[in-house]
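What follows is a set of structures to go through.
Presented sequentially are two complexes of chain A, the first with chain B as partner and the second with chain C.
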Partner chain A sequence: MRARGRWAGVGLLAPAYGLIVVLVLVPLAALLVESLTPGRVAGPASLGLLFENYLRFFRDGPSRFVLANSLTIPAVATVLCVAIGWPLAYALAKVHRRRGNALLAVLMAPFFVSYLLIIYAFMGLLQVGGPVQVALHALGLVPATTSLLYSRAAVTLALVYEYLPFMVLSIYGSLERIEDSVLEAAASLGASRLRVFAEILWPRSVPGVIAGCALVFIPATGSFVEPQILGGTRVSMLGEVINAQINQTFDLPRAATVSLVLTLAAVAGFALLALAAHATRRAVSR
Partner chain B sequence: MRGAGRRGRTLLWTAFTAVVFVAMFVPIAYLVAMSFNTSPYGTLPWHFTTEWYTQLFREPALARTTLHTLLMSVVIAVACAAAGTMAALGMARAGLPRPLVDALQAVNLIPVTVPWLVLGVTMLLFLLLIGSGRSVLNLYLGNLVVVLPYVTVLVFTRLQGERFEEEEAGAQLGASGLRIVLVITLPKLLPSILAGSIMAFMVSFNNFLIQYYLAPFGFNTLPMEIYGLVRSGVRPDINALSTFLVVASVALVLLLDRLVGIGSSFGTARRGS
Partner chain C sequence: MKGRTMSDRSRVGWWIALALLGALLLTTATAQKPTLLIANWQGYGSDLPWVVQAFEQECGCTVKQVDFSSEQQLLNMLKQGGVGQIDVALPNSTYIRYAIDDGLVQPIDVSRLSNYHELIPGLTRLDALKAGGQVYGVPWLWGTVGIGYDPDLVSTPVQGYAALWDKQYAGKTTFNDDPVIAVMTAAVYLGEDPYHPDLAKVKQALLEQKRLDVTYWATTDDFTKLYTSKQVVLGNVWSGLATQIQANGYPIRYVTPKDVITWVDNWVIVKNAPHPDLAYKWIDFMISQRFQDRYARDLKQQPPSPANQIVAESLPADQRQTFQSNAVLETNIPQQTYNAWSQLWTEVKTTPVKPLP
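Moving on, here comes the complex of A and B:
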């Protein structure tokens, strides 16, 4: 029975894991090999080093600057998603619990509409003569001819819109699991609301916050349409660089290098965010 | 006194929720409003017109693309439900050693931890290397591998905590493993499978970054089409198209929530069962 069960297990796992091995693991290995082959424009300056593409990337000032953008813009967007998403998840899970699930479903609707349309909408909203720009001008905040497009703020805003539902969903799950009896007991024993937040709500929602950070930060580092359309030439991210190398200069070794740099940076950045979230858990409850 | 304070707080939370919801729908409301506006540039002042809808219906290509993309997403969602559920059952019920299951779970999450852009580029580079390149089959498979975790994780989480009592009972009464899975386990998993495949459907329908790198030249998916239109400048018929998409997705989401309770499948498993 056991042995048969094991073979059945292999059979059950085969389709999904076969696909993951062939289309993800092997290609990632191939990407690593590709990144170690000389780039197209190696030329006479070639150093003949194994990690030459990486050296070139990190020696190049503009590349480093774009890499920094690719981490800081998504990081700010992720923090904003936590700042807006946590209270919203709390409101849905604990205050409006009867309508919570339905509201959650409605909140996900904009995300189901293609995010390209959301980007397109922001292009219209923020342009000169667009409603947001007109409103801010009416309030005397911006000159009549200043576009709000082509700024870090525009790119960040679009990312927050795109990914907020993921963050809310993830935090909602962890908040909903906290039994009301625990909260009621704390309140009846005279704990202040701040203390309930610091010692029960926040610490127990940190796993949800960390999962949310993974769902927001990592894909956001790979965005290229947002900086291309809303950032214009003024705000660049690595996604645009990779896309240009694939579709314009056909420099596959360089594209592979930048892709791996981006992936490692994304995972490292996420690890930092997760550690920070974990640290607040202890700091707050002390 | 205490009751009044509580009511005040509830009111504050309601106000906060309302503000975020309204803000979230501003871009969508803007697209819908502008689809009825005479200005092709999406600027104020606003004058009513239905011209962009007539223009949209004069373009059969866009409707065909939408149908292609819908068909692709349905096929992927179904394949994902099958392969993902099988994998979750294999991990949770085949009696594999614990470390192996942990490793399988970690591997399963790789498609989520690598940015989609990088995954798309990586698959394209590899497919070029083995002489396959862009094709419809690769487009389908590439999209599928990206959404597999949605079903696998949700179903595995549902299976992990408990071994259903009825499964034990069935085994003691001598039912075969396959029969137990088909008659007892699968029906219990249905909400998780549905929630996962709905996510898979929606993500496939919108996954521009994978489609952009794997679709064969001349084969456009809807997100690719929209990207092309957006890049070519402001196109008011996109507004009209997006109105349809918005209405369709809100209706779909609400309908599915009515049927299976999307929210509850993501929240606690205990309420979903």
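Moving on, here comes the complex of A and C:
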């Protein structure tokens, strides 16, 4: 009887397993196989090694630098998303509870706008003669003809704007679950606001923060339009390399290599962020 | 209405039936009309409403267009089912070679094109359009990639591609994001053979050049925005685009260096085209004075230079360009070379450089 039940469970889950195999494992395997085939432009220095594409990638100084960009820019954007997103989520979950849903809808607005439109809007804001540039110039902070575009800051800013809703939503979810009675008890027992934050609010929101990091950091590492349009010739990310290898050089093996390196690096980077977030939970509550 | 009789109602029924029958006849009539399938860039002359209307009237056919957004995509489209479906296509002078080599296009009997003799002889003579003594491509529009600059802000006269490396414009230049244009431009600047340059030197030069740029431009919109907002004062640019910017009221001076890089777009008839007769008619229409003249004068379309010599010579002086047979043509670049160049260009694009102050 029990055995039959177990088999029924397996049978019922089979379609889901099948989807995972077909949509996740097979493509990943294909990517790996592709990355092990010789590059389209093998060049004179071809060594005939199995992992030659990877070797070339890591031997190449610029590639390493661009890989570093692809991790640090999204990491900064993710931290900024937490810094801006946490208070927002708190306001929605605990302060403006009644209008929470309406405010949430407003916050979701960027979701409904094409990311290309957002990027071009940032271009308009930051370029010479754009409102932000003009305002900063009026304050005497930048010269009249200095563009704020084509910088790490411009790329980071656009990423924060695009991904902030993901962060707010996932933090909101974990903050909303904290019972008010717990907060009231803490207050009535004389805990300061800072202590309530450090011992209740922050530690219990960390799972939401970590989920938010996954939703922001990992996709942001693959950005290619943002650095291309807002970073110009000054800021490059690996997404642009993958895009160029596929659309301009038609070198799929190298594109696959870079994609896999980026995927692994993104997962490792996310693990670090998650560990850091987890560590703050203990550090703060101590 | 109460007074409405049975016969009124049945009359309405008759009208409806008649209308349905008419609609049915109309749809079968249009369905019976042959459909010419054209592969071209979106918004590039052949899909203008007046063009489609004029040709449909003339040929008694329907015109349908499939878009491609890169030359490679056109080749892929032809290889993956386009042959036998698409009638005519528009590869440039580089890619037409690959289309011929891969057997994707058929020879053209130019005696069936009444306007062929009006084309600029330098263009129809191009090797790139021929193979085995047969003609495969009919030149349609062409253009140069020269230097565009702001006459108010650039005081030293600009002559050649060296201006793109001139440090006094650091932080004020842009460069076209295209592997062939990039390598050829650097080669001409270095005095190397543009078809077989020393790639190590070219890469070094392109990296040096990159230090002057605020950004590379890929689409016409990119360049227009950069230029009209005065973020750049100088860059390499397509002749047609410079004409358009000038026509929109932004002063820009366009110079063609001595060894100017030149491209040509050409109509081809796809192998096993379902409607070869229509394909000939279409190409003849595309190179006719009727099309070329009206298109060349519509500056909003940023028209390149017409291949029809009579039209070319009738254009106002500031728009007229003479095809130089000694120009550096974007043509006859073997696939292997192209691969190496685009690999080099990808490397240049993603190598970080220190911007010049």
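Assume the second predicted complex is superposed on the first by the 265 of 286 C-alpha atoms of A that agree within 3 Å, B and C clash if a C-alpha of one lies under 4 Å from a C-alpha of the other, contacts with A are read in each partner's own complex, and residues count from 1 in each chain.
FYI, contacts are C-beta pairs under 8 Å (C-beta built on N, C-alpha and C of every residue); 3 or more make two chains touch, one makes a residue touch a chain.
Just so you know, these numbers come straight off a predicted model, no measurement behind them.
When the two complexes are overlaid on their common chain A, residue A:129 makes contact with chain B and with chain C alike. Within the superposed three-chain arrangement, the count of touched residues of chain A is higher for B, of the candidates chain B and chain C.
In the overlay built on the shared chain, the residue A:149 is in contact with chain C alone; chain B does not reach it.
In the superposition on chain A, A:188 makes contact with neither chain B nor chain C.
Contact with chain B, but none with chain C, is seen for A:225 once the two complexes are overlaid on the shared chain. Looking at the shared chain after the overlay, A:250 reaches chain C, while chain B stays out of its contact range. Shared-chain residue A:34: touches chain B; no touch with chain C. In the superposed model, A:236 makes contact with chain C only, not with chain B.
In the superposed model, A:63 lies in contact with chain C only, and not with chain B.
Overlaid on A, the two complexes show chain B and chain C touching the same residues of chain A, namely 123, 127, 129. By the touch criterion given at the top, residues 10, 13-14, 16-17, 20-21, 24-28, 30-31, 34, 41-44, 82-84, 86-87, 89-91, 93-96, 104, 107-108, 110-119, 121-129, 141-142, 144-145, 148, 152, 177, 202, 205-206, 208-209, 213, 222-223, 226-227, 230-231, 234, 238, 242, 245-246, 249-250, 252-254, 256-257, 261-264, 266-268 of chain B touch chain A in their complex. Against chain A, in their complex, chain C makes its touches with residues 70, 72, 179, 210, 213-216, 225, 229-231, 339-340, 342-343, 345-347, 349-353, 355.
Taken in their complex, chain A has these residues touching chain B: 2, 4-6, 8-13, 15-17, 19-20, 23-28, 30-31, 34, 84, 87-88, 90-93, 95-96, 100-125, 127, 129-131, 134, 161, 164, 169, 172-173, 176-177, 214-215, 218-219, 221-225, 229, 239, 242-243, 246, 252, 255-256, 259, 262-263, 266-267, 270.
For chain A in complex with chain C, the residues that touch the partner chain are 40-41, 62-63, 65-66, 69, 123, 127-129, 145, 147, 149-150, 231-234, 236, 240-241, 244-245, 247-251.
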